[in-house]
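See the structures that follow.
What follows is a pair of complexes built around chain A, which joins chain B in one and chain C in the other.
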Partner chain A sequence: MNATLGYGLVLLGLLCAAFGALVGIFTGMTRREGALPWVQRAVYGFSASMILANLVMIGALLKHDYSVKYVAQVGSNSTPTIFTIVSLWSSLEGSILFWGAIMGAYLFAFAFIHRHEHGRYMQLSLGMMCAVATFFAFLIAGPANPWGPTPNPIPTDGPGPNALLQNHVLMIIHPPMLYLGFVGMTVPFGIATGALLRGELGDAWLVPLRKWTLVPWTFLSVGIILGSWWAYAVLGWGGYWAWDPVENASFMPWLAATAFIHSTMVLERKKSLKLWTLALALGAFWLTIVGTFMTRSGVFNSVHSFTQSDIGPTFLVFIAVVMLVSIALLALRGPLLVAETHMESVFSREGSILLNNLVFCALTFTVFLGTTYPLITEALANKRISVGEPYFNIMALPIALLMLFLMGVGPMLPWGEANPKTTLRQLAAPAAGGVLAVVAWKLATLGASSAGEYGSGTVMAVMAFGLAGFVAVITTRELLLPARALMGPGTNFFGAVVRSASRAPRRFGGYVVHMGIVIIMVAIAASSSFKVHASGTLKPGETLQVGAYQVRFDGLSSGTEPHRKWTSANLTIVHPDGKEVAYAGGHGPRMNYYERQTDPVGSPLVHELVWRDVYVSLLAYDAKEGSASFNAWVFPLVGWIWYAIPILVAGSLISLWPRRRQLLGGTAPAPAEAAKA
Partner chain B sequence: MKNIVIAAVALVLAAGALGVIAFGKLGENLVYYWSPSQLLAQGDKAIGPTIRLGGVVAAGSIAWNANKTHLDFKVADGMLPTASFVTVSSNEIPPQMFREGIGVVVEGTYDKSGVFRTNRLMVNHSNKYRPPQEGQSQEEWQKSLLEEEPQATK
Partner chain C sequence: MVLALLAALSLAQGDYAPGRAGTEPLDAAREARVQALGKQLRCPVCQGTSIADSPSSIARAQLDKVRELVAEGKTDDEIFAYFVARYGDFALLSPRKEGVTSLLWLMPGLMLIFGVLIIVLQVKKKPKTAAPAAAPAAAPADDPFLEAVRKDLKQ
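Entry: the complex of A and B
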């Protein structure tokens, strides 16, 4: 029953998407503008059937309807309700189905918000989005069909979702964030290809193009950071980023989208870099598809096993089609997009943005090369190799420092051409800020390094601190200067800041995001190069010294929860000032035994402090002797990577906020987007 | 026009430099994934580069030092006594699942004396269905999971 209904809805969605794509693109190209309502109806039909299909699946999961193949695969009677709902995206078929619902939501939001827009532009853009939707609906209906019948006899219980999924609450919100980021890139892809098909990028679409990229960009940023937080808080190997293919898969589209958002400023302001900007939009979308392929087809287990996965070959074809269509559109239609101004000087805002774009592309290329190289060698030479983390670090760190530098210099330079003298004068305060940041760090860690409280650090990390201070001063100045100009008698400073922000929300929000990025960069530099590590096997009562902290082992304890059993080490963290914090009764690092998994899943203890984390993971224990082995780290500033999430989100929301003029003017796309974010 | 040519040349040069550096660094940081027999077949070529050695922990080969900070064991192609093996020396404390017969991947370097030194020890997970038996305590169940028929997964 559920299976038939769900599959029927998916087929209906496929039909609507295919209809919308054909009608939208065909009538758009032949200038039959009367067909737009039909395209809109197709989009609404697709959205409704996809969202309904997901609700049917959630219903089947909650009712433990094991006659549905996917429920039999991930469901279990003993799984808590919340994890039962989450298991919708715990496995391949379900996550692709969920993907369809998000696609439906985005397409609905876009079609509805811009429902009063006329013209074939809308038809072409919606048509292209429907074409992408058709592919995903086809995937759900065919190769990744979650609705298939369970072979008889129908079981009365199932294995439950992946234990790692059940192990932490972050796993509930991290995947949807990434999906919202990945799927959302379909909208700018649609707008960009629509513009190329029409051979013209209308001024009216410049702001929506940027905003519709900023929405998925924000989700993607949050998703990436939450993913690294999850890896840190759950996996217990003592890190948050390992240049793993799965991580890179989300990082590459983020890089391309970030470059794109920056170049749209040149597009909006100078009406140039049109082709380049659209190429970035297409590239970001293509990388989301490549990323999905990399994470979902199992290609990284072995190149030769991916063809056995149901979706691998289908995805590969889609990747090729998107690439060919993109290149063809850019080559054939690109020359029609004429720049309306030319760059006067590289030494200008637009010059720095172009440079920023090139640096982002360089990093994307670097990561792409390192990620795909093992696949290529395995496919061509049948040799199994992997690219070591050092490659990524050696390549990415200097590029990241260059980005940080440009993040400071760019906002200082005016549009058009900068005056060297003024620029030099303006550099004084930021340069002092940079020096101050390095001095502050040295003072804060004075003597601490030699005492073993922190790692020795690297030159690059210290450079990152200096550049961060430099950027922080410039960004603060850019954030507050307009407010100072607005200050008059009777206005307080805070009111002036709010007023300046509401006058130029894009600019203000952008700098807030920059502040968040500076914090993240500092936190990454500090936590990766100044960390301290210790490991050892302890008997009860013994301690392990890590940095300035002592970890005392107080014995083992174990217990039972509805869906798992655990064994935990009772630990006391002794601070340098003698303060003791005890973690007992399952709050220490532990091993979780899920009912239907043979291997235990560890959970580390993260003793979170404002300026550092003490991180202890339980490697192994010997119940007979009562001893346990630990890995322990002190990570300076690491928490600030995730504490910066609200800053990034706040900045994006401010940027998405419509300007008052736009509100009155009638084309106000943003409130719904902002509410959604 | 002249500016565009200069910009294009600069761009090509920069892109070329990036490519050369990237490929160079890539070559320096490749990690080879070999089984014990593949590693032994490499001869001297195996000495030096970072290698991921994958195989199973040979029966009866796990040897700890007195205070359990150092560990020696053998990684073999399979569970047969005749399978080729490589001796591994690790300062890393292995995870709970580590035991004879389990599939492992160790990352490290092979030296002239024929010892593989590792600082990274990963255990292959198996996710076989195994509910606790009636009347079995948690300890007994966990123990049974760990002592379960080892699988030589690769």
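Entry: the complex of A and C
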């Protein structure tokens, strides 16, 4: 029953999407704007059937209806309810189905929010989004169909979702965040291709284009950081980012979208870089599809394995189609988008944004090259090589420093052409801030480094601190200066800040995000180059010194939970001031044994403090002797990578806040003020 | 599609075999070298993780081998050569800068340099037509009156 209903809904969604795509693109091109309501109905139909299909699947999972193939694949009677719901996206077919629901939600939101918009803008955009939706509905209906019948006899229990999914609560929110980021890029893709098909990029496109990119960008940022947090808290190797193909797959669209969000500023203000900005939007979308292919087709296990996956070839065709359509549109329709201004100098705001775009593209290209290079050599020369973390670190660090530098210089430069004298004068305070940051770090770690409390650090890390101080001063100045101008008798400082933020929300929010990025950069630099590592095998009562902390082993314990058994090491962390924090009875680092999984899954102990983490993972234990081996680290500032998430989200939300309608007359801000935005 | 999960999976699939403790670390300076070398070598059962990072027993056995070679006083190059001789270039996480592979190291830098050149040339180039074709004659781009009329027309 469930299977028939679910599959029927998917087919209905496919039908709606295909109808919407055909009608939208055809009537859009022939400029018959009366057809818009039909396109909108098709979008609503697609959204409703996709979301309902997902609800049916969740129902089947909860009722353990093993006659549905996907439930038989990932369901289990012993899995806790919350993880049963999560198993909707724990495997390929389910995750593509879930993808469909998110696509439905996005398309509905876009069509509904802009329902009063003129057909001339909406038909083509909605039509192109429906075309993408058609592809995903086709995937769910065909190659990745989760509804197929289970071969007889129908089992009474299943293997349960992947053990790693059940290991940590972050796994519940990390994947939906990434999906929301990936799928959301469909909307700017639709807007951009719609504009290209129409051959004009009117002012009315610009704000929706930017805002509809900022939404998935925010989800993608949160998803990536949560993913790294999850890796850190669960995998136990003491890192959070390994430049793994799956991580790179999420990072590349983020980079392209970040470049895009910056270049829209030049587009909105100077009415130039039109083609380039649209190319970035198309590129970001294309990279989400490539990323999905990379993570879902098994291509990284071996070049030759993807043809055996259900969705590999279909995806490859879609990647090629999207690329060809994008290039053709840019080449054929691009010349119609005329730049209305010419850039006078690189030494200006628009120049710095262009350089920012270049640097982001260079990093995207580097990540793409490094990720796909082994595939290329294997496919062409049948030679297997590895491109791993050391390569990416060497290449990405200088680029990241360049980004930090531009993040400081860019906001300082005026539009048009900067005056060298003024710029030099404005540089003094930030430069002092940079020097101060380095000195402060040196003072804070003086003695501590030589005593082995921290690692010795690298030149790159120190440069990152300096640049971070530089950027922090400039960004704070940009955040607060407009507020100072608004301060008068009767307004306090806080009120002035709120007012200046509400007058130019995009600008204010953008700088808040910059502050978040500065914090993340500092945390990355500090935790990677000033960490301390120790390892060893301990008998009960023995201690392991790591940095200024001592890890005391108090023996092994084990226990049983409904879906797993575990063995854990009881540990006490002894602080330098003698304070002791004990982790016993499963709260220490442990090995989890799941039913029907031969290998245990380890989970580390993260002793979280504000300025540093003490991180211990259990490598091995000997139950007979009662001894255990550990890897232990002290990571300075590492937690600030994830503590920065609320700052990023807050900044994005401020930027998305609708500006008070600029009416003709008194309420409109004066042009000079509006120009600051 | 669960990003990072695949990596995690392959990490976990490496037999975790609790019970094997590995050799004891060397003195601080040499152990740091062991860890640094381990970062450069690929764990055979993982997806792109180094033997210094992987908790799998096979990676830890390889790290023990590195430790043994360091203790014997071998140089970094000799240790890399040891692993390449057995497992090929695949064992190196940082590909060698020779032959076609040097492209991998050069291309990002070249792209940056060309990009800067293109930007500078574009900016220096004077626009062909002095006045932007799209802007109507007298009205400045941000004329509020024109904006309001445009907005009304769109509704």
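Please note the rule applied: the second predicted complex is superposed on the first by the 661 of 677 C-alpha atoms of A that agree within 3 Å, B and C clash if a C-alpha of one lies under 4 Å from a C-alpha of the other, contacts with A are read in each partner's own complex, and residues count from 1 in each chain.
FYI, a contact is a pair of C-beta atoms (placed from the backbone, for glycine too) under 8 Å apart; a residue touches a chain by one contact, two chains touch by 3 or more.
It should be emphasised that the depicted structure is a prediction, and the values quoted were computed from it without experimental measurement.
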**Request:** Consider chain A as the common anchor and indicate whether chain B and chain C clash or fit when overlaid.
**Result:** clash
**Message:** For A:Gly408, using the defined touch cut-off, is the partner it touches chain B, chain C, both, or neither? Pick first, second, both or neither.
**Reply:** neither
**Item:** Contacts of A:Ala204 with chain B and chain C, given as first, second, both or neither
**Value:** second
**Message:** On the A-aligned overlay, A:Gly45 touches which partner chain: chain B = first, chain C = second, or both, or neither?
**Reply:** neither
**Asked** After lining up the shared chain so the two structures overlap, which partner does A:Ser558 touch, if you call chain B first and chain C second: first, second, both or neither?
**Response** first
**Request:** Identify the partner contact of A:Gly190: answer first if only chain B is touched, second if only chain C is, both if each is, neither if none is.
**Result:** neither
**Message:** Is A:Leu235 touching anything from chain B or chain C once the two structures are fitted on A? First, second, both or neither.
**Reply:** second
**Message:** Once chain A of both complexes is superposed, is A:Glu595 in touch with chain B (first), chain C (second), both, or neither?
**Reply:** first
**Prompt:** Regarding the shared-chain residue A:Gly6, is it in contact with chain B (first), chain C (second), both, or neither?
**Reply:** neither
**Request:** Mind working out whether A:Gly536 is in touch with chain B, chain C, both or neither, as first, second, both or neither?
**Result:** both
**Request:** Considering only the stretches 77-85, 113-121 or 131-139 of chain B, report the one that runs into chain C.
**Result:** 113-121
**Intersection of the chain A residues that touch chain B with those that touch chain C** = 163, 358, 362, 365-366, 369-370, 373, 383-391, 394-395, 535-537, 567, 591, 599-600, 602, 618-621, 627, 629, 631
**Complete:** Listed in rising order, the residues of chain C that touch chain A in the complex are 1-9, 11-22, 24-25, 28, 35, 39-40, 42, 47-50, 53-55, 57, 60, 88-95, 100-101, 104-105, 107-108, 111-112, 115-116, 119-120, 122-123, 126-127, 132-135, 141-142, 144-145, 147-148, 150, 154-155
**Asked** Given the complex with chain C, which residues does chain A contribute to the contact?
**Response** 89-90, 92, 95-96, 99, 116, 118, 162-165, 171, 174-175, 178-179, 182, 203-204, 223, 227-228, 230-231, 234-239, 242-247, 249-250, 271, 291-292, 295-296, 300-301, 338-346, 351, 354-355, 358-359, 361-363, 365-366, 369-370, 373, 377, 381, 383-391, 394-395, 399, 452, 533-537, 567, 591, 599-602, 617-622, 627, 629, 631, 662-664, 668, 671, 674
**Touch list for chain B against partner chain A, complex** = 11, 14, 18, 21-23, 25-26, 28-34, 50, 52, 67-69, 92-98, 123, 125-132, 138-139, 141-142, 145, 148
**Residue ranges of chain A in contact with chain B within the complex** = 159, 163, 358, 362, 365-366, 369-370, 373, 383-391, 394-395, 535-537, 558, 560, 565, 567, 591, 593, 595-600, 602, 618-621, 623, 627, 629-631
